[in-house]
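Structures follow.
Below, subunit A partners subunit B and then partners subunit C, in two separate complexes.
So, the complex of A and B:
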């Protein structure tokens, strides 16, 4: 009898051990699967972000080119025909002048919209010349002195250059709108494969992280997701009495 | 009659430009096309084009390439690039391509006429666009460690000729002003182009500016 009692006890232990083992095994499988599932989800979301940013870029480029090559050319043609007519006709001079002014305004607006959609230099000359050209024109209007410096020719993959341009466009638009900025320095440095962009201004300080949490911060969220898509981060250096200092870093520009 | 050729794939614009140029006195548009290749084969038969106006962005062959090919076989044709593009990089490319002038597509008709007249009398046209890029080039070049030619690399007479050419004077007018023969003026021009190793006179001006043999003020 004693022998069977011991047998039952050991059977009980073995049984419990097996049950526990199975239970943990099941738990392990569930957890692993879930982690795998989330990782897949996240990867999918990242891919979606990349795809949507990429198609946004292509669409903007297409509209910009259509406007620039098509509509601008048509408007210039109208302007030429007007000049031909005005030469032959000595009457109605004022109306001719009015029409010409109208066409000129339409031409300028078309060019501005097109450049805003896709800066013409970005594709051909890269980030730095495109940025310089863009900031020169908005700086002149907003009375902000932008200075862009770079260590040599910063050669970046086209998609990275585009996203960085949009990020810097967003940041500088904020400066123009709310920042009370009179001078802004942008320094771009590419060392081997790591890119650092320092942005310093002398305007009203604002906290990037706090503002990001606000529901209407679509611009800042935009900055974050664009940087995320190319594997970059933006860090705000310590808050100061006057001005802001942001640093954007990309560890590996070719791996974005 | 000044004989002009137009190559631009934007049809409406090309037609309007032909109409506008047709109203200018002493100017005749003898050829227009949307393809650089067609223009090149036209040139094989017809050698009397004086000025060719070329668009830059064209599908088959862009304006820079076309410009080079035209100048290779017909070095007496003056080339005026005409484009929607107006960035400094574009203009730098235009200068490198050996073109004799540049205007944007939305230039005023007066500027276009001035460009055509200048190409005819002086052989090049420095509009506001080219001028501003040249100034940039100057600032950019300062502090460069390129070898400086001696200050007498160009003679005083040669510098004088450059200055007068920059003011839009023709060889005949320069000859009159300097009391020399017109052919001497031509010789000076050609010798400077050879000395500098430039493709055309714009190259000489760029060189002279770059090496401080000429002031930007002399351009206007």
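So, the complex of A and C:
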């Protein structure tokens, strides 16, 4: 009887152990496989995002170059012809002057659009001068004092500099549109392989995370995607009564 | 109170929690159909716990009939859960399982005796266990063909994991309960394995229900 009892108990323990082993084994395999699959898909999505952002950058550069070399060149030529004609046709001088002003305005707008699409300084001088030039221009129009400081020459790979420029452009555009900002400080610090950008303003406080979750927050989502593509993150420092403080951090800048 | 009393009490208390959560939180629209699918099972474990607490623990009424009925009702609730979850594509599988279990249940009723009811229920547990395992496997397979989202946010993942652990852990004790009782007299000690599985399942279902609901406005 004792032997039979031991056999039943052994059968119970071994059977239960095998069943539990199978159950946990199945769950372990599923979780591991799903995690692997999830990572693979995320990597794929990241690569697609990088390719799409790179294509967008190239397309912007091409349109900017076309506008600058094509349309601007043609408008300049028209302007010159008008000057020559105005000298010959003294009777219609006023009409010529008006046409010339119109062509001047079109030329300036074309240059502005071209610069906005791809700031020429970004490729030649880098992020900090391009940013200073851009903020000087919008600051004057929006009556906001932008101060950009950097610890020496911030040499970044072109793709990283471009994405950061777009991120900062989006943030500062938001300040102009909704922020009620009068002063904004941007501090860029590159230490060894990590880059930190501190953005502080004195405008209306807003919660980045909460706004990001809203369906119409395409600009903020854009910021996140661009930063994600270069391996960066944006963190909002503690919310204050007045103003906002964001920190953008990029580790392994040169490998981004 | 010793462990043989504490564990079943914990299990009974935990059995109330999943359904109770649904009274205080609203269903997340993203997981609406999963939450609707599990509702009958939540009601069953709630009623089961209530029955055990009142009739078995306090009034000391023998619950053999209830256990047999519960096994079948549990199958019906899980059958509904998986059918809603997996859709109409596997209708033959669902119809076949339903037929087998109903036939098995009728046979059990025919041979039903108080002394052997646990063993008879264990026989019924074999097709139910297979049904849960196969349905879970199909669910995992289908999940990988869909858009990839993290498993940890899907309520059904918790429900299914809990069910797999519970049925796996409880199968052999149900099958050998009568032998263990007669031969070794250790059935109550070994029964704790079953109760532990039950506790894990209730915790998993509670987590799943919590994930599938959100704070009421």
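Just so it is clear, the second predicted complex is superposed on the first by the 222 of 256 C-alpha atoms of A that agree within 3 Å, B and C clash if a C-alpha of one lies under 4 Å from a C-alpha of the other, contacts with A are read in each partner's own complex, and residues count from 1 in each chain.
Keep in mind that, in the parts below, a contact is a pair of C-beta atoms (placed from the backbone, for glycine too) under 8 Å apart; a residue touches a chain by one contact, two chains touch by 3 or more.
The shown structure was predicted, so the numbers you read here are calculated from the model rather than taken from an experiment.
Once the two complexes are laid over each other on the shared chain, residue contacts for A:84 go to subunit B alone; subunit C is not touched.
Of the two partner chains, subunit B is the only one that A:74 touches; subunit C does not reach it. In the superposition on chain A, contact of A:140 is made with neither subunit B nor subunit C.
Look at A:107: by the touch rule set out above, it reaches subunit B but stays clear of subunit C. Contact with subunit C, but none with subunit B, is seen for A:24 once the two complexes are overlaid on the shared chain. Of the two partner chains placed around the shared chain by superposition, neither subunit B nor subunit C is touched by A:213. By the touch criterion defined above, A:124 reaches subunit B but does not reach subunit C. In the overlay built on the shared chain, the residue A:242 is in contact with neither subunit B nor subunit C. Residue ranges of subunit A in contact with subunit C, taken from their complex: 1, 4-5, 8-9, 11-12, 15-16, 19-20, 22-24, 26-27, 30-31, 33-34, 37-38, 41.
Those residues of subunit B lying in contact with subunit A across their complex are 10, 12-13, 15-17, 19-20, 22-23, 57, 84-85, 87, 89, 105-106, 109.
Subunit A makes touch with subunit B in their complex at residues 68-70, 72-81, 83-84, 87-88, 104, 107, 120-121, 124-125, 129, 133.
The part of subunit C that touches subunit A in the complex is made up of residues 136-137, 140, 143-144, 148, 150-151, 161, 164-165, 167-169, 171-173, 175-176, 179-180, 183-184, 186, 190, 193.
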